[in-house]
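Okay, so subunit A shows up in both of these, paired with subunit B first and subunit C after.
The block that comes next holds the complex of A and B.
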């Protein structure tokens, strides 16, 4: 029993952190732009493909692996800049429905591009050799790569909290998020801040793609399967709140993992029940962000 | 979406134009009814699917264009109708076919009610967006676990129904006969939706779309009418799905995913969501595009996604919006916004 509980908690934490790596950029850009970027998962998927193309299926060491993830992050950041100039910038002052539908279209477009470039075959990427092994904790085998994912997720959360609440840049971003007009009148270059936020969000998506690519088989659908969890986490956590999203990701991960362990024949159903319960119980999310209604 | 284009799309036409429009519509319906004798079976199937997509798109647009809510998982409702009808015909539920259709629509409306109770109380569209997407994904999961629904392989070999009206029987087992039934059903559903949109109920929906706060101020129970709109929309989408099952004779999980949910959005926006007829025009236009580009598989996402983004950015009122603009310019009635 106890080893099973350890297994469920550990696996849930690992999945939760994987969700968080994807959801971080999503909630970040929502907090500042008030646009829910439905294409976020597609750019995560492009990041994973770019990492595969640059680094190959057998990364030489953990350092080349991380370097490849950073290359993917930079490449997706460039794509993010282009997307911002071509699409997102034009959506800032229109009804949010149009923004949702346009980013939905963008998502399909990216999936189509991935199919055209890489085909529909599945690819597999191995974890780097340093973490490609298992250790025994409390009677169950635990993969070191999942420990690495958990560590990366926690580090990312800490970094985002520090940037948002302890730095000058975070202060500027929160000012723009709360009231762009007022921020502009006190001399902040609002368009630049918005553009940099969008690029930062895409960089996070690309980085998540690079780090998580050994986690699953790589296919054009990997974005859609991941981003749904990310959306649910963002909605449960409170739109735009990094802390809420972080906790919601852990919750989702543990529920999903318990579901897979104890009711394997109905795997993947419990999180939808969790979503419904969370929306009825706390419709504004666990940590409603300021300035969002 | 200037006021002018909205007004132009929603009426204020002269009597002759209305009569001309009705005449075109009547000719179109007669042509559709005679189509089995005019075109080959392949094209007939495409026309039948277009009719179903048109009903599906109309159901989505009742929500978006007339009530101001966007569903991103409408394929879930479509699948409810399609799978229920498929199962009812294949396992012979001993229900008359018309009752099967009614139950399918009712099921869709009930699921919409359940979602409405969860989400519509405090509805920023983002909650509804995530919830409707989640509904569709959850449904796909449940179907994937159900051996009776064919799991991953889909539900095949669905027989076409025979309608027994007591006095006489209508045999729809032949494809052409079912197609004619489909035309009649589509016309009836479109007429019903037209009536809803132009009734007091439809005006209430539009008041909510224009300004929910003001609608509340004049005494409209906004949450309640949003749920009603969502139920009509979900029920109609399920009905579209129910009509599709005997036509295609197979129901698969391909109809329960994001791409399937985009189809009504795309058709409505392409045709013009500010007009009642927009989704129908969009469905016809899209089927035509699809028919002529069918040799290039894999590019469908690029096409669909690209068209969607371009339409939103360049021509948010769609084909009918553009035509309306041209018409006003031709008549010299202030083509500028």
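The block that comes next holds the complex of A and C.
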């Protein structure tokens, strides 16, 4: 395999895992609540800003960096709780169009809040020193920070798979997702499970913001660049399917990377072709979650 | 009173009553000047700074007694960094009786505004759009470009980079795949070849990306694998900062001895701080505390008034662009002794006025600004804000401006190489 192909695969994987870190919370909340949260990118952005405010532009070590990402995750989780109480809870028994409009409004609100607090200047956060360097593999320059992102994405996927398929909590969530009425009749506290699912989704968004902030200039629009890919991955993978979203993220990353390497003059076009093909070939996604077909 | 006099009086009164109320309003009260900048969206950080410069200019004029005995009032609109929105804003302002407009803070909005100006009978000052079509194939007598165009800016940047870094013999550009990116990289590369002392340097093929890309690892790998030691970056705003974030980690700062960038200037410096490339050159509109700006009276006053108005002691270079454009229209009104479109347009052709970077005027044939262009070198610093401007170099536009060809597309191949 040529070094160029190796680089495309590596870079695709790196991009795919960055997409997955953002998409995980999005597909999680859809899987449980059947709500497509258009404000997810905005909460990712808030997580990034919180990480910047807490940890500054130069993280002292990778442990500090991870601790700051967890603080951002917790803070956005609290915002998720408030969002659930004030907005999402009221939308559970109404047509999904209302949820789309409400979360779109929430997205604009979050951007406004970010501008009011942090202004419109750009900020740049650097990777922690342990991963702030490159290694050369087969003539390709590979950032150690992107290896860290790949590792974090894989670990997150493994954790979500274990939680969803190997724990009681996951089984309860799946039960509520499949049939909330029946879950309630067997004694499951459905409102609590739904609230915890929302909080978990927001925690994931905040964590993604904290982990990916060294990858991008920080601005009130930073969420938009990631969330577009995240939405594509959720659609291609199957709404509500973590496994499908994970694979779709890798696919999107590799296609995007190959596009940039081999067809730079048609930058960005390949993923739209992929999306169109996927919608025609598998309109319900690669791994449609139960209840979405 | 004679019957004829009475009839004339009645006719005059009837004519006055029949006049458009808006027109009457425009002849009294404040002079209303439209100011359409990108105040939301990705262009907002730049647009807001330009607007601040325009607001300071209006404040200075009003403090000095106004124009034609009247105050200046800015009617501010958000063009949302969007061509169709800039057109809608211009139409709305024209409908409100405004015939003097500052707009086109970026080429994308200027391309919408430029063809519309004659139809709306407006005098439009294009604030900072550097795209060549504005004063070439899209030229019309109602528009003036108050900034150097792409050819002047980026060929001058190339000249400065090679003259300041003659030991760098191989250059490459990273540019957005669009008219601006292709043009600016071409102008930069041609100038590097033309002005290099001694043997002609090598300019490699431009590497293209998207203007709003978020991931540059592929392009960074291409740059790292090339023989180049000098780089021009044609991507701007947040994309440029993301590029530096991603590039610094893989050692691009060690490989590239000199980098020229499109004009982010202190926006990149503020964001990158101590991680700014040590030899980063920018198209520079203004640095208030660096010579030759620091000793320029217009610059000193602009800084003082900006601090008074905004309470911020770190004005961006873009403030000067907004100030310069506003002063162009204010000086035009003063010289014309009128706010009528035709009179102001004719007057602006002849005015010469002082700016933070010295005197400027407009070339009559194509209404292109003729000024001195500045290029700053910055690098990291140990003191807050952790970056510093170390050097400013100037090039007179007269040395680097292309021949005026209004109505005709610019073609670099027609220039002597």
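In this text, the second predicted complex is superposed on the first by the 292 of 293 C-alpha atoms of A that agree within 3 Å, B and C clash if a C-alpha of one lies under 4 Å from a C-alpha of the other, contacts with A are read in each partner's own complex, and residues count from 1 in each chain.
In the analysis below, contacts are C-beta pairs under 8 Å (C-beta built on N, C-alpha and C of every residue); 3 or more make two chains touch, one makes a residue touch a chain.
Everything quoted here is computed from the prediction, not taken from an experiment.
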{"item": "Combined model on subunit A where subunit B meets subunit C, clash or fit", "value": "clash"}
{"item": "Which of subunit B and subunit C A:191 touches, first, second, both or neither", "value": "neither"}
{"item": "First (subunit B), second (subunit C), both or neither touched by A:265", "value": "both"}
{"item": "Touched partner set for A:108, first subunit B, second subunit C, both or neither", "value": "first"}
{"item": "Partner chain in contact with A:256 - subunit B first, subunit C second, else both or neither", "value": "second"}
{"item": "Which of subunit B and subunit C A:14 touches, first, second, both or neither", "value": "second"}
{"item": "First (subunit B), second (subunit C), both or neither touched by A:143", "value": "second"}
{"item": "Which superposed partner A:97 touches (first subunit B, second subunit C, both, neither)", "value": "first"}
{"item": "First, second, both or neither for A:231, with subunit B first and subunit C second", "value": "first"}
{"item": "Segment of subunit B that clashes with subunit C, given the candidates 20-28, 38-46, 128-136 or 308-316", "value": "38-46"}
{"item": "Those residues of subunit A which subunit B touches in one complex and subunit C touches in the other", "value": "120, 265, 268"}
{"item": "Subunit B-facing residues of subunit A, complex", "value": "36, 38, 87, 90-91, 96-98, 100-102, 104-113, 115-116, 120, 224, 228, 231-232, 234-235, 239, 265-266, 268-269, 272, 275-276, 279-280, 283-284, 293"}
{"item": "Subunit A partner contacts - residues on subunit C that touch it in the complex", "value": "41-42, 44-45, 48, 177, 207-210, 212-215, 217-221, 224-225, 237-242, 244-246, 248-251, 267, 270-275"}
{"item": "Subunit B to subunit A touching residues, read off their complex", "value": "64, 68, 70, 72, 118-119, 121-122, 124-127, 129-131, 133-135, 137-138, 141-142, 145, 258-259, 262, 265-266, 269, 298-309, 312-313, 316"}
{"item": "Residue ranges of subunit A touching subunit C (in the complex, touch as defined)", "value": "7-8, 11, 14-15, 18, 57-58, 120-127, 132-134, 139-146, 214-217, 219, 221-222, 225-226, 256-257, 260-261, 264-265, 267-268"}
